[in-house]
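Next, two complexes with chain A in common: one pairs it with chain B, the other with chain C.
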Partner chain A sequence: MLSQLICNGLVAGSAYSLIAIGYTMIYGVGRLINFAHGELYMCSAFCFYAFYILLDVNLYIAFVLSVATGCVMGIVLERIAYRPFRNYSRLVPLISTIGASTFLKAMVALLFGIQTKSLLKDSSYQQAIDIFNVTITPVQLYTMIISVLAMLLLGVILKRTTMGKAIRATSEDEKSARHVGIDTNAVTSITFAIGGGLAAVAGIMVGYDQNIHPNMGVLAGFKGFTAAVLGGIGNIPGAVIGGFVIGLAEHIGAGYISSIYKDSFSFIILLLVLISRPRGLMGEK
Partner chain B sequence: MGYLLNILIISGIFGILSVSLNVLCGFSGILSLAHAAFFGIGAYTLGLLTTKLGIPYWTAFMAGGVFAAFFGILIGLPTLRLKGDYLLIATLGFGEIYTNTMTNLDNITEGTRGITGIPSPSLLGIRFDSDATFIILLFIACALCIASASFIKYSPFGKILFAISEDEDGVASLGRNTTRFKVTSIVFSAFWAGIAGSLYASYVGYINPNLFTINESILIFTMVLFGGLGSIPGSLIGAFILVALPEAMRFIGLPNTVAAVIRQMTYGLLLIVIMYFRPQGLLGTVKLR
Partner chain C sequence: MRGIPPHKSFFITVVVISLILAVFLSCSQKNDGDGTIKIGFIGPLTGPAASYGIPQKNGAALAAEEINTAGGLNGKKIEIIYEDSQMDPNKALSAVKKLIDIDKVSSVIGETTTAGTLAIADTANKNKVVLISPSASGAKVTDAGDYVFRISPSDTFQATIAAKLIFEIGFKKGAIVFTNDDWGAGIEKALREDFSKLGGTIVASEGCTPGTQDFRTQLTKIKALKPDFIYIPLYPAESAIFLRQVKELNVPGQIIGADNFSEKAILKTAGKAAEGVIFTMPSSPSSKAYEEFAKKYKAKFNEDASYSAAAAYDCVNILFQVMKKAGTVGENIKNALYSIQDFAGISGKIGFDKNGDVNTKEFSVVQIQKGDYIPYKKP
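Up next is the complex of A and B:
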């Protein structure tokens, strides 16, 4: 049973990692906890639903289009709910993203209705397969593979490209970055776009696996945030590890203790981390 | 007339909720998105104690407040060390887990089917089972809540809360146990949210987990921010406007489900608009920090 739980935990964890990276990067450049991050995840899943199910677009094209929409939504969110408030107290943009989150949830409910929807068209993706005594569906397998690829791609972008350097410089010291000529506004925009894109990948994959609902982003966002805090907010590898730890803890806890409290485990972890190691497991200072 | 009374009663209940949340957010500077959870704990305590255990109404009524306050301490002690944005997310997590637990503890809470047949109160031979009589009871509760919140605001105790919200380390360096002050304010706030829950459950007679979700927490939070942090009249105005204004949508003839969703969109937009034009709120004096 343990190996099955670990496998499920890793699948869930890869999605949490993607969400956590977004939180951590946006916090890095903007010192903002983006409350609407879970909504980027949810909206992209619905966007995929619109393309793939309603408009009958090819799977891969629908995927790419939805991830692109996630990026664009990240940029729009930054323009409306973050940039006007960047010189205010940190709580002001936080509250405006709470507003954005409420608005987006309601907007999706208005457009698509509040019923749970399935993204499944081709059931072969849900046919469970056995690998080493562990049952896994192709969607879950792809979730892990695509997540890891997305993380590697992000790593390469951050390490090797000029843009990546600009992002790292801005999150290290925004003022100095501006002094050396980095357009920090553009960097913030790009970071929101990356965060939105990664959340979109997670949202579509999890949505494909477990159906979609306008409220699906709330808990996913919260767990992603917990993962980011666990890894030390601002720390990208930490966020990845945090995501997997949350996924594993949740599934192993649900398997051995009780599945009723599955969602409570992440909350307990968050409290324990914030109290004992507020900088997270891998946080600096 | 009956319709107007209904709106007044609902705004009165939300008035208690927003005033009590303001004691936490505006006075002590502790932003919380768990208020609907305390509201729900009160409502469920009354509902379960009266319908399942047959406990006398007024005992169950007070138990709603006390039990909510107890959870306030339970959640407050670990989370109050956090500040601002972290605290807000931690309380959000608590609220979300509260809803989930209420839905999943099927054998106790009846899950999403909810609890029906919650009795209305009666006192000295008067039954508060109609809108016209219930509003008297609510008025008394509202008056007590406002009076105690105002008392706190102008008492030395309240001055220390305001000081904590401005500079906690400063207050601590003067020898005050800031945690005790903060926990007391969360107890006060959660107690009144629980009482509001008791009132709500007995007014409507039916409760389910979906009445006390994060959306309701955000709604109460919006009322407080709209009226202004630290301002008691502001919170009452905020509660009244945010309850009454969306009712206007009924007259346009939108179906109920659509109206509910559009209401949520309005609240969301309103939060952003408040931050644009008046982050301190309508009558607020306290700045966000």
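Up next is the complex of A and C:
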């Protein structure tokens, strides 16, 4: 049973990591907690539903289109809910993202209805595979693989490209970055786009695995945020580790202690870590 | 007002006074003064239990429309005011307060869920407002107060029937996966106790928070114990993903459901994964009355009618019948309701006992075969 729980935990963890990276990067560049991040995750899943199920687009193309839409939504969110309030007190953009979150949930519910929907087209369930004593479905496997690939890709972008350097510079010190000629506005937009894209990947994969509904982003966003804080807000490798810690904690905790409290385990771990290491596991940036 | 130029402050004063006047004027509209007779409705119109709430809203609306077309209540039209509880007891509480304080209703249809009904029972009792739930089935509603009625039988009823059924099929050990709120936990406790009394064992009882979409951990634990059956008091959205994950994880055991399956919403999302599920639901007499109701419902809403819709339809009609003689004061409605013993409802015969529980309804056992509900015949 332990190996199955670990497997489930890693799958969940990869999704949480992707969401956490978005939170952490947006905080790094804009000093903003984006409370609409869970909704970017949810909206992209519904986009995929629209392309793949409603419009009958090819699976892979629908995936790419939906991730692209996630990126665009990130940019739009930045323009509407963040940029106009950048120079006010930090609470203002935060509250405006809360407003964006409510708006997006309501809009999706209006457009698509509140019923939970399945993203599987021709069947009601996937055929699971049995390997190494664990049962896993194809989409769970892909979730882990694609998440890891996305994270590696992000690492390469951040370390090896000019834009990556610009992002890192802006995260470190926005004023100085501007002084050396970096277009911090563009950097912020791109960061929101990356965050939105990663959340989109997570949303589509989890939605495919677990059905979609307009409130699916609430708990996932919360846990992703918890993972980001757990790893040290602003710290990208921290976000990755935080995501996996939370995924494993909740599945193993639910497995061995109690499934009723499954959602609490992540928060308990957060409490314990912050008490001993207030800057998170890997330190804030 | 300092700092504001005189013309602006005059304008602001005018606006504020108009707003205050508007609020007062709308508040002072008495319930049965001039115009309509207001009845409240609270149910989950959005969220995981919306597949109960919306058919109920529709059923109630259909009943009100028919009553009004036929002349209304003593000449006045019935107006149902709908509030969305979003399956959140806190929101249900705000809704009932708004209905009582602002809309001045003397009766409320709701709430759809056990937790919601329990949350608003106190307020209803204190304000002498009748509460009649189409579907709350938790055991605690029996003692929720004088003004609380329901036309769905208590879960203890349902669990007892399920326990007997399971035992008669020959299953001796099983597992329960339940949603951890008043409804789910109530059924879980009742089934576990009844089944043990009969001699069976529940080897695992796994709860989940309402709205859960990932049951893999619970299923992993259960799979290892190889139960004969899994009993699932879960909400429709949860049930749909649960059934899918049962198949994906290859978990053995007959799935047995409760009245969460009374709405076909699960079938739509779960598809083939729902095949073979056996469940208990309050019987709707397959009578002409139900067929006529189903036709009218389909014509108006372009959807199939269901037990939930019929139950809400009955609630409106019971209130109408009672208010015709007793008037619209809450206390009188309450007293008159207790004397209802054989109201011929679309959802079945309705009579209330001294607790406001319905004691005249029956349950049937149904199996999902090829996407349809077929009466279950024991092999």
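The working rule: the second predicted complex is superposed on the first by the 275 of 285 C-alpha atoms of A that agree within 3 Å, B and C clash if a C-alpha of one lies under 4 Å from a C-alpha of the other, contacts with A are read in each partner's own complex, and residues count from 1 in each chain.
FYI, contacts are C-beta pairs under 8 Å (C-beta built on N, C-alpha and C of every residue); 3 or more make two chains touch, one makes a residue touch a chain.
The structure presented is a predicted model; accordingly, all values stated were derived computationally and were not measured.
Chain B versus chain C on the shared chain A, clash or fit?
They clash.
For A:Ala81, select first, second, both or neither according to whether it touches chain B, chain C, the two together, or no partner.
First partner only.
Which of the two partners, first being chain B and second being chain C, lies in contact with A:Asp263: first, second, both, or neither?
both
Now for A:Ile275: first (chain B), second (chain C), both, or neither, which partner does it touch?
Once the two structures are laid over each other on A, A:Ile275 reaches chain B alone.
Touch test for A:Ile114: chain B only (first), chain C only (second), both, or neither?
After superposition on chain A, A:Ile114 lies in contact with both partners, chain B and chain C.
State whether chain B or chain C is in contact with more residues of chain A in the superposed arrangement.
B
Check the residue A:Phe103 against both partner chains and state whether it touches chain B (first), chain C (second), both, or neither.
first
Could you tell me if A:Gly255 is touching chain B, chain C, both of them or neither one (first, second, both, neither)?
second
One more residue to check, A:Phe225. First (chain B), second (chain C), both or neither?
First partner only, chain B.
Please indicate which partner A:Thr162 is in contact with in the superposed arrangement: first for chain B, second for chain C, both, or neither.
neither
Please pick the stretch of chain B from 6-14, 78-86 or 150-158 that overlaps chain C when the two structures are superposed.
Among 6-14, 78-86 or 150-158, only one stretch of chain B overlaps chain C, namely 6-14.
Following superposition on chain A, which residues of chain A contact chain B and also contact chain C?
109, 114, 219, 260, 263
For the complex, give me every residue of chain B touching chain A.
Per the touch definition, chain B meets chain A at residues 31, 33, 78-79, 81-82, 84-86, 88-90, 92-94, 96-97, 100-101, 104-105, 214-215, 218, 221-222, 225, 257-258, 261-265, 267-272, 275-276, 279, 287-289.
Under the definition above, what is the set of chain A residues touching chain B in their complex?
33, 35, 80-81, 84-85, 88-96, 98-107, 109-110, 114, 218-219, 222, 225-226, 229, 260-261, 263-264, 266-267, 270-271, 274-275, 278
For the complex, which residues does chain C have touching chain A?
46-48, 50-51, 180, 206-209, 211-214, 216-218, 220-221, 224, 236-237, 240-241, 244-245, 247-250, 265, 268-274
For chain A, which residues are in contact with chain C within the complex?
Those residues of chain A that touch chain C are 1, 4-5, 8, 12, 109, 114-118, 123-128, 135, 137, 210-211, 213-216, 219, 251, 254-255, 258-260, 262-263.
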